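Several structures are given next for inspection.
In the two assemblies presented below, chain A is common to both, partnered first by chain B and then by chain C.
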Partner chain A sequence: MNFSVPDFTPALPEIFLLCALSAILVVDLFIEDAKRFTTYLLTQGALAISVVVTIMTAHMSPVHTFSGMYVSDMMTSVLKVGTFLSVMILLSYSRDYLQKRGLFRGEFYTLTLFTTLGMLVMISASNFLTLYLGLELMSLSLYAMVALQRDSSISTEAAMKYFVLGALASGLLLYGMSMLYGATGSLDVSRILEVIRSGQANNNVLVFGVVFVVAGLGFKLGAVPFHMWIPDVYHGAPTAITLFIGSAPKLAAFAFVLRILAGGLQPLVHDWSQMLAILSVLSMGLGNITAIAQTNLKRMLAYSTISHMGFLLLGILSGTVNGYSSAMFYVLIYALMTLGGFGMIMLLSREGFEADNLDDYRGLNARSPWHAFVMLLLMFSMAGIPPTVGFYAKFSVLQAALNAGHLGIVIAAVMFSLIGAFYYLRIVKLMYFDAPVDHSPIVGTSDCRILLGVNGLAMLLLGILPSSLMALCAQSIQSAGF
Partner chain B sequence: MIETLVFYFFAAVLVLSSLAVITVRNPVHAALFLVLAFFTAAGLWLLLEAEFLAIVLVLVYVGAVMVLFLFVVMMLEINLLKIREGIWAWLPFGALLASIMVVEMWIVLGSERFGLAGMIAPEAHPAGYSNTGEIGTLLYTQYVYPFEIAAVVLLVSIVAAIALTLRRRKGTKSQDAAWQVAVKRSERVRLVDIRPAKRAER
Partner chain C sequence: MILGMPILSVVIWLPILAGLAVLATGGDRNANMARMIALVGSILGFLVAIPLYTQFNPSTAGMQFTEMVPWVERFHVNYHLGLDGISLWLVLLNCFTTPLVVIAGWKVIENKVAQYMAAFLIMSGIVNGVFMALDALLFYVFWEAMLIPMFIIIGVWGGPNRVYAAIKFFLYTLLGSLLMLVALIYLYNKSGSFNILDYYRLPIGITAQIFIFIAFFLAFAVKVPMWPVHTWLPDAHVEAPTGGSVVLAAIMLKVGAYGFLRFSLPIAPDASHALSGFMITLSLIAVIYIGLVALVQTDMKKLIAYSSISHMGFVTLGIFIFNSIGTEGAIVQMISHGLVSGAMFLCVGVLYDRMHSRKISDYGGVANKMPMFAAFFMLFAMANSGLPGTSGFAGEFMVILGAMKANFWLAFGAATTLVFGAAYTLWMFKRVIFGAIANSHVAELADISGREFLFLAILAIGVLGMGLYPLPVSELMHASVSDLLAHVAHSKL
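Here is the complex of A and B:
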């Protein structure tokens, strides 16, 4: 058979990360517990170099390699850089938190890198095989990370739920993929697109497959009615790991959904757009209404994630280039907001104390006006209040859906986000107008405090000047050729 | 002709043993029926000239996975009565969902795509044809990228299993083989010079 050695250069970010990860895995064995900081530095260094490698190997137009199983274009490069940066921010927020809880171990860092590698594979996959393997690499590492705090029964329970429901979702996804394979005779996304366009595939089989694929994707994104695992996992996992689950994997999941639905199944847009519309409206409704009843901030943010996923799907379901690019903008902003929100919980937590109850935020302004202001910006952005960037994210998604003619869904989305504004503003009210219950000073490493400040101000800055990031997203989607 | 008969034999045993897996009361029997189902499925694969897959199914699933599974089933005390509680309350709902699924699958699988007309029978290969070699060639050339990712997934499972189970508790007694081998005589044996007692005088 004819075979030529594939071009390795487009996949350099993955190759570099895998090599660095293997080296860190071995080096970590020889480091004493007291010097674990070295592992932290090595991990951050590996991620920083990966960012440089990704930018240097970025392609403007799609490049395929490894027999068409790997694709590199501008969308993959932007999402990869976003993933690396959010993992780096996560690691610096969580260092102090992990040290105080006995989780500052080598495994945390190696599993984080494994998860990152899985996300890269997902982002760059253009074949069902690599898409699925990337997803499993990411999910398996995350299951283990949730269970890392073994002595806590609540984390073990969360890990168990996450694992069982994740396995169920993978099963649904694989069943759907096998149906699509049966209908088109290929696992390659671009080949599937060709076969469907040529009209050779049986429509019944295709739609049957799409139902299962959408259900599997709904599970992974956490859209209603496949959301049951999100609140328990967010609540049960150590906050550092909750933050991880909530931020970067959503970027990878976005690329995953777009690659399958917009890349491979574009001719079936009418079918999957209806399915996504149901998921989207239910997620926005249930997420925003249930979040009001929560007294635990982690659970509240979990329901807020569900509603944000509804908005993300709103962008995708419009099925236009404009919709995809606004969804990409939304998911990048969402990752940044989540990093800030959970970063604040970790900053206010102390040894043996988790600042995850709403009451812990009473009178934060009296304790530290600066941190209260950062939290205010984050909450405004999540609620979508101008001039923060959350407003533009919601606005562009709604505009794209409106242009695609989904007026009813847009009205529902606006109503639900109005309801949602209540619980975000409640935190602002607690911080500024209530007397503090807890008077202890806010401790935290200086790098974490500075970064959190930058994160909060970025909400304002991007809100005033959103055009460059929006243009970047539009260009990425154009370059990916959806 | 004889091939068709063999197919129907294996298919019938496969369906019946799968049915037995979910209906028998004893979990150990259920696991053993699953072993039988794997064997017959391997037989079906042999009929399709997929001998490598057939052997792997027997070696991996029957040889490794099911043996482990049987151990777990035997170790756990499974209270069947507790599992069966509430089955009648959920039966109508479950039956409704199952019947919807069956109708849907009927529509899909009954379509011309999966009919005999849609599936062209593969050509029979010559006698010396090695399907294992073909799979190997494909795996290391065209599918090398997914193959490597699968290897990384295995590495994750090793790291995760060790991270979740290995813990050093104080006060546990464990053996260190190197320490045991390197032991010197002087550390273990103490020669005590015992003088013979004086004979008691009468």
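Here is the complex of A and C:
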């Protein structure tokens, strides 16, 4: 039996992160609470170096390793860099928030790194087992993070719901994967594709498997009717962790969905795109309509996330390279918008005050015109109004879907985004048109304030010059070879 | 290009940069500096637009001063600007209105001055972009971006019911725009380009044309606004601050009519012909029915708002009778309405600043206390009712002539506006200005200040100048209008 040493370079970012993570885990044990800042710095440093490593080892065309279980291409590199950056931004936004709530502990940082590692594995996996491994690594760490505030019953409840429903979703996914395995005799994504193309697989079993896989993916993305966990978890978890759940994991989930559906099950595009169409329209509809009734900003953003996932699916369901790259652009922009939105909630919160009610935003323009303007940009971007970048995100998925002939869905999508505009406008209305009820000054660490300003302005700058990011997404998907 | 400068970009971006500079002055402590920068910025914005007029070549129908830079390569979107005889006048009107709005808000606005001035300057630049964009996506970006400053203007500095009005305004116009976006994406998928001029030559089947026409119709009709999607306008006008009403009436309504000329007619000519009866009916309803509605208003701003809808009905009528005098009349009417309705709203603003009431019944005998104001108001009221010698007459007369060529009864229906227009405008004027002094508040009124005299006088010159000698206006647009009508006459089937 031959044993050849596999090529480790495609997995170098993961390997580095794992080593750094283990080191931080040990170092943190010897750091006393007052010096916890060191852990924070080490974590940020590890992530920053990971970005460099990812860029250095980026491959222009797909490179497989570990017997085809792992792949590295331009899409994975871009998404990984996106993940690292959004985790870094998250950590910067949340430092102050965590300190004030007694959550500034080593566990938070190590769990964050474990989650990040899970996401990296999800992004690069090209085998059902590796995909599942990454998914569970990410999910289990997130379940624990939601429950990090042990004394809060609402957080614990959220964690419980998240865990039970997440486990159910994993079950569905595994069941679907086993069906596909039964039909094709392989767990390897590219092998599955070959078998389906050759027509040897039993179509009934395949479609049956696809249904379960799509349902499982729907759970993870939070698409209607598998969305029930999202509002409760978003609301119950500490804002820092809500932000984490809402941002980077969506990048990983996007890669995950794309790898399975577009990578392995491309010949069944007709079947899964119909299913995604239903999920997409329901998500956009329910997400946008229910968001109107919310009085809690975190819940509102939770429903807004559901509707964004509907738009994301709109790009995927068109089943074309154009659609996938539009969806990739969408998910990157979505992560950036979510970071800004929840970052603002954390900035405005104080000890004993979460700033998560809509009324807490009344008269923000009078208190701080700059922060109101940043929030205005974020809200208009989420609503998809030019010249903010949210418009191009929506525009490109609509273009892809229309090109694939889904006129009805596109019209439904624009109508729901009109409804959606209402609740984003309501935030702007509260900030600009109403008088403030709360006059306390806005405090926050300066790095957080600067970064948040950059985040908000990025909405405008990317909106004026969206070309390079779009081109990068298109090139990434091209290189991944879907 | 003029003197090596991309003149169109300058006309768009100069006001926007000035607006950002105004914003940078910060809070109300520096209010005077904000006002000064805004005034200088808006006047510069007008001055840089003057070469457009002097250098314009009236003998060609093509786009002039064009600029083209690739912008979003993935979708072949270009930063593509150009100007023809139709958009030239609208750009000039817009650049002309902005300094007046800044002057009008000089003293009146005391709260968040920098943001107020900046919103108007930024909007002025964006609206210039709408009129100059030759790329459909660029047009759409400007078109939607326009909503944001207007939304803020109505919502922050408006009247008691401003929040309702602002949100209604935003959602109403967004509804139309989103369907237009779908139509634009459809055209892109079909032609592989976002160049509006490419769409003119793109063959499209009649069913698709009708759908495209309807999508555009929803976007533009809401902006014009045409009956029955006009209901946002009275609310928005009444609640907006004076400057907001002026910009809404003078500029915002024009982008809708401009859209019909730039998109609907040449892109979907067969559908335009097929649906022209429908469009003409809606226009006549606006002219006659909304004219009657204006008659019974008790609020001056609401009355002028309804009068605007009625006058814009004339514009859409002129556009959809497809002859050159009608179309030119429609454009002349757009410019004239921009001047006249802007002036009317400013006049109401002058009264409102003193009395804090827009109710006609709260006034009476104003002429006794404000003779100079009464004279200006008289002139603008006459122009609004279409008196020969004022700009209001030129446009209406041309449209009626055009309608006469198409059908006598059409012209007859349109001409009733001369009666209704005179009735509601002059009746309001009589109740507000003439008669005995109605109450003690009126008795305390002081006549207009130098600042108010300035902007009313500038507008009066514009109204009279255009009324007495409208030839230059129609001369410069002649080639472009004939070219447009040639596109409309050419079937795409």
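Here, the second predicted complex is superposed on the first by the 482 of 482 C-alpha atoms of A that agree within 3 Å, B and C clash if a C-alpha of one lies under 4 Å from a C-alpha of the other, contacts with A are read in each partner's own complex, and residues count from 1 in each chain.
What we mean here is this: contacts are C-beta pairs under 8 Å (C-beta built on N, C-alpha and C of every residue); 3 or more make two chains touch, one makes a residue touch a chain.
Remember, predicted model here, so these are calculated numbers, not experimental data.
Shared-chain residue A:Ala147: touches chain B; no touch with chain C. Of the two partner chains placed around the shared chain by superposition, chain B is the only one that A:Val205 touches, whereas chain C remains out of contact.
Touch criterion not met for A:Gly481: it reaches neither chain B nor chain C.
Once the two complexes are laid over each other on the shared chain, residue contacts for A:Val410 go to chain C alone; chain B is not touched.
In the overlay built on the shared chain, the residue A:Pro267 is in contact with neither chain B nor chain C.
Looking at the shared chain after the overlay, A:Leu117 reaches chain B, while chain C stays out of its contact range.
When the two complexes are overlaid on their common chain A, residue A:Met470 makes contact with chain C while staying clear of chain B. For chain C in complex with chain A, the touching residues are 26-27, 70-75, 112, 115, 137, 140-141, 144-145, 147-148, 151-152, 155-156, 162-163, 166-167, 170-171, 174-175, 178-179, 181-182, 185-186, 188-189. Contact residues of chain A toward chain B in the complex are 1, 3, 6, 11, 18, 25, 66-67, 69-70, 105, 107, 110-111, 114, 117, 121, 127, 129-130, 133-134, 136-137, 140-141, 143-144, 147-148, 150, 179, 182-183, 201-202, 204-205, 208.
By the touch criterion stated above, chain B contacts chain A in their complex at residues 104, 107-108, 111-114, 137, 141-146, 149-150, 152-153, 155-157, 159-160, 162-164, 167. Residues 365, 369, 380, 385-387, 391-392, 395-396, 398-399, 402-403, 407, 410-411, 414-415, 417-418, 421-422, 425-426, 428-429, 432-433, 466-467, 470-471, 474 of chain A touch chain C in their complex.
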